[in-house]
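Listed below are the structures to be examined.
Same chain, two partners: chain A is paired with chain B first, then with chain C.
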Partner chain A sequence: MWRRYGDAAYTLMTLAIFGFETIALGALSLSFLLGSASGIASTPVEGILLGIVISTASALALLGLYLLSYHFISNMRDRWQADQLDQWTEWWVGLALTGPGEPGVNPGNRRRLPRVAVHSVLSLLEAVKGEEGDRLKEALASHGVDSWFLRRARSGHLTAKLDAIENLGKARLPQSFDHLLDLLHNAKPVVRRMSARAAGVTLAVMPPEPGPDSPHARFIHAIKHADLQPGVVQESLLLLETRAGPILRELLADPDLSDTLRWVALETVGRLGLADMADEAAASSNHPDPELRAATFRCLRRLGSVPETAEGPLLAAVDDEVDFVRVQAAHAAGFLSAEAALPRLEPHLEDTSWWVRRAAAASLARLGEIGVATVRRAAESHPDKAAREMAVQILLEADELTPAAARLATGVA
Partner chain B sequence: MWRTLLTGYQYVLLVYFSSLNILYALFSCIGLRAIVVVFAREFSQGSLRDLLERDVYKPVSILVPAHNEEVSIVGSVQSLLNLQFPEFEIVVVSDGSEDETMERLIEAFALAELPWATRQDLPSAHVRRTFRSLTHPNLIVVDKEAGGKADSLNAGLNMARYPLFAAVDADSLLDGEAILRASRLFVEDETLIGVGGTIRPLNAAVVEDGRVIEAKIPKHWLERFQILEYARAFFTGRAGWSHFKSLLIISGAFGLFRRTAVLEAGGFLVGTVAEDMELVVRLHKHFLSEGKPYNIRFTPDPICWSEVPSDLGTLRRQRNRWHRGLWETLWTHKDMLFNPRYGRLGMVAVPYFWIFEALAPVIEISGYVLVVIGMFAGFVSPRFAILFVVLAILYGMLASQLAAGIETFLSNRYPRLRDRAILLLAAFLEFVGYRQFLAIERTIATVQVPFKRGQWGKMHRKGIRSSTEAPSPADLEEERTPAGV
Partner chain C sequence: MLATPRLTDARILVVDDERVNVVLLERILEQDGYRNVKSLTDPSEVVALYDQFEPDLVLLDLHMPKLDGFAVMKLLEDRISSDTFLPILILTADIRPEIKRRALSAGAKDFVTKPFDRTEVLLRIQNLLETRFLHLRMRHDAVPEGQAT
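Entry: the complex of A and B
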């Protein structure tokens, strides 16, 4: 979306112009004040004003020239890069498929890879996994690209650091994992966020290792102690893909885990659809914090199964005093047996909350024929108008009612 | 005595001029850093795809208020339906449209009238009918009695099902990834309640299937000047205020909000012409008063393309309305002015908007008058006056170029070198009449504030059209409509 070259020079130029403006305007204001005794348009003040006009015009000319040059050069560069990218991609694909040495010398015929070559291989690495991916990573390391990224990731220059972290995330190099974990404690939130994501995707491709000092143990320790927003932790956990299960299991089993991280773990289990972790997730169904109870039922709803241990708390939660807990519980109750869920859900068709009414009607419709019949009955004859309307809407959405019948049921002409 | 007063006022003008230009330059620096350094790097296409594939998003309800939008409504909705986002609904609210807005929607999207179980979280004018598309299940259309844009948004909010909602103007097009880029910020930051994106002028852009595939410089200078204005407003101003956590405006053309936060603050205020700014100011006020953590920010990545006025009459009415809206909002929340209870908002941002935005046209016009009087009275030499005016123009050009320069880093920038040269020239030409014209209109608006509260005025639009599509007779008719109607 954005071009990432020439920006440093532009930033410097902007800073210089900003500094110049501040000084010039300060000088002008001061000279006006000092010149007030002899009149505002006195010769010295005019002289200063003329000086500022000339220097501002020069700054503007410089800026215009830079923009025109940048535009011209970047157009040429974009075209040149597109050609180069094709050549390099072809070469990297050959290397990935046939192994080192086979494709012969690289298009640039040099040991140090140009940026376009690195860009090309990183794009490929986002799609190529397994043995072919490993070959590409070895090739990157043989050209010293990994250590170059790591050096830049440690640099004090924010632009270089962010570029390097992004590239490390694309390359998924195991040797960068610990460096990325270190960056989770950086002072800048953007560095922490990008490092958390890069660490997540890197750990996803690292072979599992047992032991208290394994990469996954180090990752858990890092996310517990880093200053990260819950959403960022969730993103990094989701990026773990198949490696997420053991980490989430360990997090949920930790009795000292913070409520925030427990909430994140529950959300992630649900989003990843880790059905074999339903029992671990259900353990929070009686948690005193309503946010965690709601997260538990949302998780079970996403998993599409409710373990026996959670049935009691779930049915009780359908009547919870907190409405957002009732909403999630009512949704999850759709995965219980009709005998257990129906008597609890039906009264909530006339719940005070629109969201609970909707969740209750949707779950009833999911309970099979008996549930659909209950919703249909509500649509036709429920004494509460809101319950009737919601029942009609859910039947429409579930294709259990035609638009014409819906209009008839609610009296719409 | 007059001479002393006028001289004193000259000093005031100078301090004003200096402060304003220093602030512009400061915002340029911050905007550049925030945009080019941070936003440009944090989310590449690949990272976005990674997150999307793993369901890291919050579903969004897109609210499209429409009043007599027969020219653009189908193109706009079509563009929204093409968005790259896994879970969203579009709620179009026709606000008592008297033209063929509803008919065109019914025909284009096979709408069927259906009963709908709506909430009444917010009051709104009577909803006459609700429709659902038989071809696009995520499209809902509400036909309601006229109540204004804010009222339509409130009606849309009553229909919205998802935790986030985007308010999008019916004459705007969103970039394919706009919602994705804005909504991911809400996943990342639980305290975030509102995000504003960048608005770019749509005029002359090449549109295919509801997507802007190439930005182009319009032929009319009036539209070209507005490119610079939008660049200044978004790439520097809003980026700067957002950095200081004092963003007071999220454009009504495109903003994404957390639904519960907006409901908690009472929804959109009916009866104002600046419902967008008013909502943001009220959100700040509400959350600061309640002592709740919150964040409202600008992000340059989600880009919304909006049609800008191409004739003087429409432009004049638009700017008049914007300026009255600014005054309405500032006056409604006048208790925030220099109120330490509202922190940097009360002590810096709100005073800035009073002094450097609301009063700006009056000060600008009085400055021109003063220079002329000063020259006739003999206490300002013509040479000095000319130099000062030249300096003001140069600083204005500098501000425009610093902002438009950020646009060159966009991959979807104005592509030709000639375009860049035109923008450089436009930065100069806008000082030859255009700025003065707007300053006069905004001064008139300042006077009109008490008498025209909540009045919008008619807008003349060409509508969104694909590059391959011939103009319809209705569009041509619209283009013939004389200015001032």
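Entry: the complex of A and C
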């Protein structure tokens, strides 16, 4: 009820305290009664006092009884639920692996599934897909659970709605996909957020279909036109798993895509490490919006690969007027050849921004021996103190700091 | 000469805090003929069971309360000698590349993303066990005649 651990100790302590109190008050009541019989409680005050003592003892006894019963019953209930969960899990696993009719006992004969059965099958659907997952989904539909979730998802009660959307996301039922897309236009941001998430995981397991009206196309249309926060769109794209690539490719190829969605798509490509999409990502290298240029170079840095088409814009961006673009470009330049990147990066060891200095030094150190030598030279003899300090710091982190550089660097080593 | 053990004789340890996942994996393995499968829903018991069971393969969930998959791998790392190939197959719903990199550097040998496909899980298990047994055989063959235990 209000604790999770130490049930046994708490019960014993409660029993001891209430038992002691009850016995003491019982003895007192008895002595009062005996006294009353022999004329001790003969005044009205004593009568009232006696009544108070008896009622307090009864209340304590009742409370003690309640607490003990509570622990006993809740313990029994927990065990019963665990047994039910095990039974249902075995049943669902059997159904998933061997098909209908194979498992021995069928606790699913009842039309309406109990809550524990639904909980069990939803947990399983989070673990298994393919033929086995399809069998479980069919079983859910045959018990009407999908329609029940959809009715609750459309209900006006927010808690019921959110609960149903979460369960639909766990179940990944293709028949719920369009309903989830409709919910992306709900007035409440939390409903839109949860629906985007559920739609993403559902699409991830739906078979790919060609055509302008495919689930893939409907999903893209929905996220373009719904009022969703960038983080929500990104999360739903990340949840697409292997289906994310084609959708991100289509988004990035759209010349009319909003800057916000383009930014989200670039971030997602980088976070999913979709290295085969480096060319599509690099297409935004010259975008007029500095946020998008920075996102492009951050994406390439995460992919660890810079396509040839992006080399020119990347090298130019190392000198970008906006410092956060320079930071990302300097990081990504570490994946270019030393001949191309070194002359551009070296001057930025004395950039006005600490972040750019750090990115430049780190990328130089990644360019191989020639890059490390440049950073070591900067640590020993660069005229700018900030450049020397940053170079020493990077050499320290790369375990490349020589005693000479350490001695010559001012106040860092 | 060391006889090549049958894959289905391999000792497999399943560690997942979700009872449902454990039952599912046990049944999948059982149905495919694996006979020596033990499982845990409390990862804090992993070391004791590892010492007792000496598994050929560990199927490990990454996100668990109290002790996550990374911590479990750290605990096992201390008990696995450097010349032993103990495959750890990670089962996770987290597909972020940085998580995979972190797990690989912590000792994981392969990944299966949840929700998983039964055939894919079984194939990965088979591949890892074949590698494990080849490694054991190579170690055995490297020991001079008469010294093998």
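Everything that follows uses one rule, which is that the second predicted complex is superposed on the first by the 311 of 413 C-alpha atoms of A that agree within 3 Å, B and C clash if a C-alpha of one lies under 4 Å from a C-alpha of the other, contacts with A are read in each partner's own complex, and residues count from 1 in each chain.
Assume a contact is a pair of C-beta atoms (placed from the backbone, for glycine too) under 8 Å apart; a residue touches a chain by one contact, two chains touch by 3 or more.
These figures come from a predicted structure and were not determined experimentally.
Participant: Once chain A of both complexes is superposed, is A:L292 in touch with chain B (first), chain C (second), both, or neither?
Facilitator: After superposition on chain A, A:L292 lies in contact with neither partner.
Participant: Tell me which touches more residues of chain A here: chain C or chain B.
Facilitator: The partner making contact with more of chain A's residues is B.
Participant: Classify the contacts of A:V205 with the two partner chains as first (chain B alone), second (chain C alone), both, or neither.
Facilitator: second
Participant: One more residue to check, A:R271. First (chain B), second (chain C), both or neither?
Facilitator: After superposing on A, A:R271 lies in contact with both chain B and chain C.
Participant: Per the contact definition in the header, classify A:S123: touching chain B only (first), chain C only (second), both, or neither.
Facilitator: The answer is both, since A:S123 touches chain B and chain C.
Participant: In the superposed arrangement, which partner chain does A:L140 touch: chain B (first), chain C (second), both, or neither?
Facilitator: neither
Participant: Applying the touch criterion given at the start, work out whether A:E132 contacts chain B, chain C, both or neither, answering first, second, both or neither.
Facilitator: second
Participant: Who does A:L97 touch here: chain B (first), chain C (second), both, or neither?
Facilitator: Second partner only.
Participant: Where on chain A do the contacts with chain B and the contacts with chain C coincide?
Facilitator: Looking at chain A, the two contact sets intersect at 123, 126, 238, 241, 271-272.
Participant: Please name which positions on chain B make contact with chain A in the complex.
Facilitator: 7, 10-11, 14-15, 17-18, 21-22, 25-26, 28-29, 32-33, 35-42, 44-47, 50-51, 54-56, 112-117, 119, 129, 132, 186-190, 301, 379-381, 383-384, 387-388, 390-391, 394-395, 397-398, 401-402, 404-405, 408-412, 415, 417, 420-421, 424
Participant: So in the complex, which bits of chain A are touching chain B?
Facilitator: 1-4, 6-7, 10-11, 14-15, 17-18, 21-22, 25-26, 28-29, 32-33, 36, 39-41, 45-46, 49-50, 52-53, 56-57, 59-60, 63-64, 66-68, 70-72, 74-75, 123, 126, 158-159, 162-163, 166, 169-170, 190, 193-194, 197, 201, 229-232, 234-235, 238-239, 241, 271-272, 354, 357-358, 386, 389-390, 392-393, 396, 403, 406-407, 409-410, 412
Participant: For a test of understanding, state which residues of chain C touch chain A in their complex under the given definition.
Facilitator: Listed in rising order, the residues are 18-21, 23-24, 27-28, 31, 93, 95-97, 113-119.
Participant: In their complex, what parts of chain A are in touch with chain C?
Facilitator: Contact set of chain A toward chain C: 85-86, 89-90, 93-94, 96-98, 120, 123-133, 172, 205, 238, 241, 271-273.
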